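Chain nomenclature is as follows: A, B, C, D and E, assigned in order of appearance, with residue numbering initiated at 1 for each chain independently.
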Amino acid sequence: GQTGGDQANNANNANKANGASSAGSLEEIKQRGTLRIGVFSDKPPFGYVDANGQNQGFDVEIARRFAKDLLGDESKVEFVLVEAANRVPYLESNKVDIIMANFTVTEERKQKVDFANPYMKVALGIVSPNGALITSIDQLQGQKVIVNKGTTAQDYLTKNHPDLELLKYDQNTEAFEALKDGRGAALAHDNTEVLAWAKSNPGFTVGVPTLGSTDTIAPAVKKGDTELLNWINQELAELAKEDFIKKAYEKTLLPVYGDDVKPEELIVEGGKL
Amino acid sequence: MLNSALEMLFTSQNIVRLLEGLLVTVRIALIAILISACTGIAFGLLMTMKSKLIKVLCRLYLEAFRIIPVLVWLFIGYFGITSVFAIHLEGELIVIIVFILWGTAEMGDIVRGALESLPRHQSDSGKALGLSFGQLYRYVLIPQAVRRMLPATINLATRMVKTTSLAVLIGVVEILKVGQQMIENARFTVPTASFWIYGLIFILYFIMCYPLSRLAKRLEAKWSS
Amino acid sequence: MSNNSISGGSMSSEQREILLAIKDLYKEYGGKPVLKGIDLQVPRGEVIVVLGPSGCGKSTLLRCLNGLEPIQKGDILLSGQSLIRGKVDWEQIRQQIGMVFQNYDLFPHMTVIENILLGPTKVQNRERSQVMEQAKALLERVGLFDRMDAWPRELSGGQKQRIAIVRALCMNPEIMLFDEVTASLDPEMVREVLDVMLGLAKQGMTMIIVTHEMGFAQAVADRVVFMDSGTVCEIAGPQEFFNNPRTERAKQFLNIFQY
Amino acid sequence: MNLNWEFILQNIPLYEKAAWLTLKLAFWGTLFSLLLGLICSVIMYYRIPLLKTIMGGYIELSRNTPLLIQVYFLYFGLPKLGVTLSETACAILGLSFLGGSYMAEALRGGMEAVSKSQIESGLSLGLSRWQLIRYVVFPQAFSFSIPALGANCIFLLKETSVLGAIAILDLMNVTKDLIGMYYQTVESLLMLVVSYLIILLPLSLFLTWLERKVRYAEFGP
Amino acid sequence: MSNNSISGGSMSSEQREILLAIKDLYKEYGGKPVLKGIDLQVPRGEVIVVLGPSGCGKSTLLRCLNGLEPIQKGDILLSGQSLIRGKVDWEQIRQQIGMVFQNYDLFPHMTVIENILLGPTKVQNRERSQVMEQAKALLERVGLFDRMDAWPRELSGGQKQRIAIVRALCMNPEIMLFDEVTASLDPEMVREVLDVMLGLAKQGMTMIIVTHEMGFAQAVADRVVFMDSGTVCEIAGPQEFFNNPRTERAKQFLNIFQY
């Protein structure tokens, strides 16, 4: 949760920093006729591309709805495929209007972009093979831990456990592949992510389900784009009336998590914690 | 194992998507090669100018691309430029621009080398016939230089095709990225997907580059005698 | 200016029109003098053979006459018109001066006939068919009519040099310069090239020939110019020069060719 | 634009470490490439049957595929066949696989540039085949190859930049990290470029000098 | 076998030991005959000059004598020992046959003295200091003692050829073969190289010389061998050959050098 003062302050910084005009962004989007949203292409079930080349997932589901409510048609969304590490540059360089790629709210990121209200809660989780299950971070001393570049997991481990040896990959695919190939003792990532992954990968278990503080995941817009930001917050509040986030959960995440996980532990309805 | 891999490829849109990815790769390479062939010739002529200042500037430009890896230039174009100037450029466009800048430098050096390798008495005897400066280049020097530089030019083209593989690292959805998406998708059905997909891409690149380098070798053998 | 004092030869050059006059020509490469005041007058129709040890400046002299090298002092007059003072249109002048070099300088990417036609059609803008006539006649004369469509690489060294001569002749030059055109040829080929040059001489072409073929020099020259380290040491008729050289250096030089 | 100097100073050690790693990988990669290239070039020069065909195939395969795909295949593909190599092993193996063919071509070019008359005058002195290689062919071939070999060294050093894709913490990867974590894009890229300049500029200048020396002077002081 | 019938010359070759005998030598390149049965006997101490038009097989003959080219038929005997039949140790035999080629074939990566010492020390395993003595003496003789530590690129063409001769001589060969060693030299340099060869001849070295220098040939030869298209046409003493050649082809050939 951030205060309004914070935001105003940030907006000032941003205008100074890149001098890009931010007013009238909604107008611009409407004129263009498409809403450009940055999503992952290789992070099922949040954002991925299915065998037919269609974007799918939880984030995508919400993104489509945004487009529908803003432009009247859910096909008027243009999905831009992003990597963890280039989410901020994409916003900064105006390549996308919104990032909805499992973007955890952090202090550094707040310096660079503006986050809307959250739609998900997240902590870090650590997944490891059943044969050598890691249940505490202390067990990882002297072992290699796999992370995805530009994620909160890398951030957290680098800052709080600088002695751990990290194997850093550009892409999710590669990080999980590396875990399967036994290149590291464990993989640290958002717990939403590792839980989902462990579900569908027998032989792997999330031994540390929450690590560090609970963070939130929220849509992000370019620094200073208060107009779009306000619209998103409003939209999230509207969507709460029909439990849309929950529905999206049921459609995309439930099949993966099953009944073990309570939706309330993960989702945030209406942008309010 | 091979069966399930083939099945994965030929079910749904996979093969089509892979080919679409390949198309992006080919498109980048083709545009960059064609444009830098032209700009490179101009740059090469510039490099043979007598002016000291032009020589130094050309040299700096060339060395910048000789010393700093293309991947770094891609990052500078992709992250650096956007973060400084906040302009919106597609990854693919960045790749093409960087490739053209790089190709111009390398091509220019090839052109310069070819022109300078021509024996001096060729231009002497052209001059002795009364050819003007322009005629000398048009009828005597350039046609000969073209032969000498063709093999190296084709080799450069091969290198550019190969280097398109780096585009994935700045988020261009080309063949490699499509392959990775497919690997991710098939993680339950075909656990060995990465072997097959990366192997297939490896072979596809080979199929693109091999004929080119063959041609270069041929021409080299033919014209060296 | 003073060359008359040492000039000689069978014909008096004063009686004929002076086609080319070199006056006190001075040339240096990066401060090192290579030609130290050359004086020479070439009447129309005369054949001059330039002899001298290696490095004495023979090639440099020819290259200066053709504007391939800038000179530092002196003057060169072609038909009384200076090639040094004022604005000189070298492209125009080079059409009047044909030159053949030691290296086979045919353009390797053109056939024989294309090589020959390039200058007349592109530089002189003459009618292709008309030049063709002339080219064929000249090729016939040097015995290479049937090699018209060959590529330079398919020719022997001697054939290449004969074509190079035809190429220069086809521009209808006033004067021809030959710089050791037989230096890298086998003896038989030397002969076939020299025979072409002898033929030209007989027809009255004005020529300056640098060569190391003493027998040929003696046979073709109207006057022999002997150079050493950038100066003209001796000018004489061939008979006189070869049998009774006046300077010590010329004697030494001729000794090399005797066993 | 204001640079965040504090950030730059803070991260110098990181770049220093990465630079050493880059150099280390390039060194081993170059060394093995040279060995592989040497073997290949001798085989190709003497046209040893069978081996020549195999080496020819290897050279084509290695020259006509990108290093990135080669290491992806080694790193992510091979484990599916039960062969799991460490990051460093994959990196060095990939570099050597790629570099071997380039070095082979360079050396072979040098050996073929030694003129036939040199070999014949060696023979007519009564040198044995081995002495001929040792005293006549090789010293000359090597010096003919120097420009190409040098260019290959720089090429391999630059190619290490793609090894970040298999979690090697080279200069490129460190930069990506910093951009991803702290979003200090300009500073990180600047340090990256400076690092490459520090490593490659002296090397490049040295090679230009060497090349000129070899080209104009051929041999001797 | 039949060369006696056409042999001639100032000395009767029958009286001296035959150092090298070539018997019915036959050689082809890819089916195209280049040497068609050459017979020649070279007594110790004789100087043979081989003349003939370009492409007649002179170089090929010398290369066969040295084992650089395999032959198809016939035999070559050095001091009565066959170089063709049985297992031939060429490395051994080449030490007895010195050869100098047209191109300056010094090893460019070694200094002059290293070039000279290579063969004697590595092939013949002789004492370095002892070879050094000999090398110095030879260098003195060709007037290049002070260039001992120079690099080949620092030498003129003529100097290079003289060093190449020293290099071959330092192996103490029985016979020396020279293949147009002055073909790409300037006239002054030609002279300095030929003088060295004349000196060798006077000292009684057995030599086979291919050259296009007619004056030199006449001066140095004990016998002249004239070849044409792969056969020996005429063997004669130099006086006889140059003034009164017996065959038509030789007459034609000599005509080339007359103007």
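Everything that follows uses one rule, which is that contacts are C-beta pairs under 8 Å (C-beta built on N, C-alpha and C of every residue); 3 or more make two chains touch, one makes a residue touch a chain.
What you are looking at is a predicted structure, and each value in this text was computed from that prediction instead of being measured.
Student: Spell out the chains that contact chain A while also contacting chain D.
Tutor: Looking at chain D and chain A together, the chains touching each of them are B.
Student: Moving only to chains each one touches, count the minimum steps from chain B until you reach chain E.
Tutor: Counted as steps through touching chains, the separation is 2.
Student: Find the chain most remote from chain D, comparing centres computed as mean CA coordinates.
Tutor: Centre of mass proxy via C-alpha means gives C as farthest from chain D.
Student: Any idea whether B-D or D-E has more C-beta pairs in contact?
Tutor: B-D
Student: So the centre of each chain is just the mean of its C-alpha atoms; given that, what is the distance between chain B and chain C in Å?
Tutor: Taking the average C-alpha coordinate of chain B and of chain C, the gap between them is 49 Å.
Student: Taking each chain's centre as the mean of its CA atoms, how far is chain C from chain E in angstrom?
Tutor: The separation of the two C-alpha centroids amounts to 37 Å.
Student: Using the touch definition from the top, which residues of chain E touch two or more other chains?
Tutor: There are none in chain E.
Student: Quick one: which residues in chain D touch 2 or more of the other chains?
Tutor: 76, 165, 176, 179, 185
Student: Residue numbers in chain A touching 2 or more other chains?
Tutor: 89, 170, 174, 177
Student: What pairs of chains are touching here?
Tutor: Once each pair is checked, the touching ones are A-B, A-D, B-C, B-D, C-E, D-E.
Student: Which residues of chain D touch chain E in their complex?
Tutor: 115, 117-118, 120-128, 131, 135-136, 139-140, 143, 217-221
Student: Can you check the complex and tell me which residues of chain B touch chain C?
Tutor: Counting only chain B, the residues touching chain C are 119, 121-122, 124-132, 135, 139-140, 143-144, 147.
Student: Residues of chain C touching chain E in their complex?
Tutor: It is residues 53-54, 184, 186-191, 194, 212, 215-216, 218-219, 256-259 of chain C that touch chain E.
Student: Quick check on the complex: what are the chain B residues that touch chain D?
Tutor: Residues in contact with chain D: 63, 66-72, 75-76, 79-80, 83-84, 158, 162-166, 168-169, 176, 191-192, 194-195, 198-199, 201-202, 205-206, 209-210, 212-213.
Student: For chain B, which residues are in contact with chain A within the complex?
Tutor: Residues of chain B touching chain A: 11-14, 17, 78-79, 82-83, 86-90, 169-171, 173, 177, 180-185, 187-188, 191, 194.
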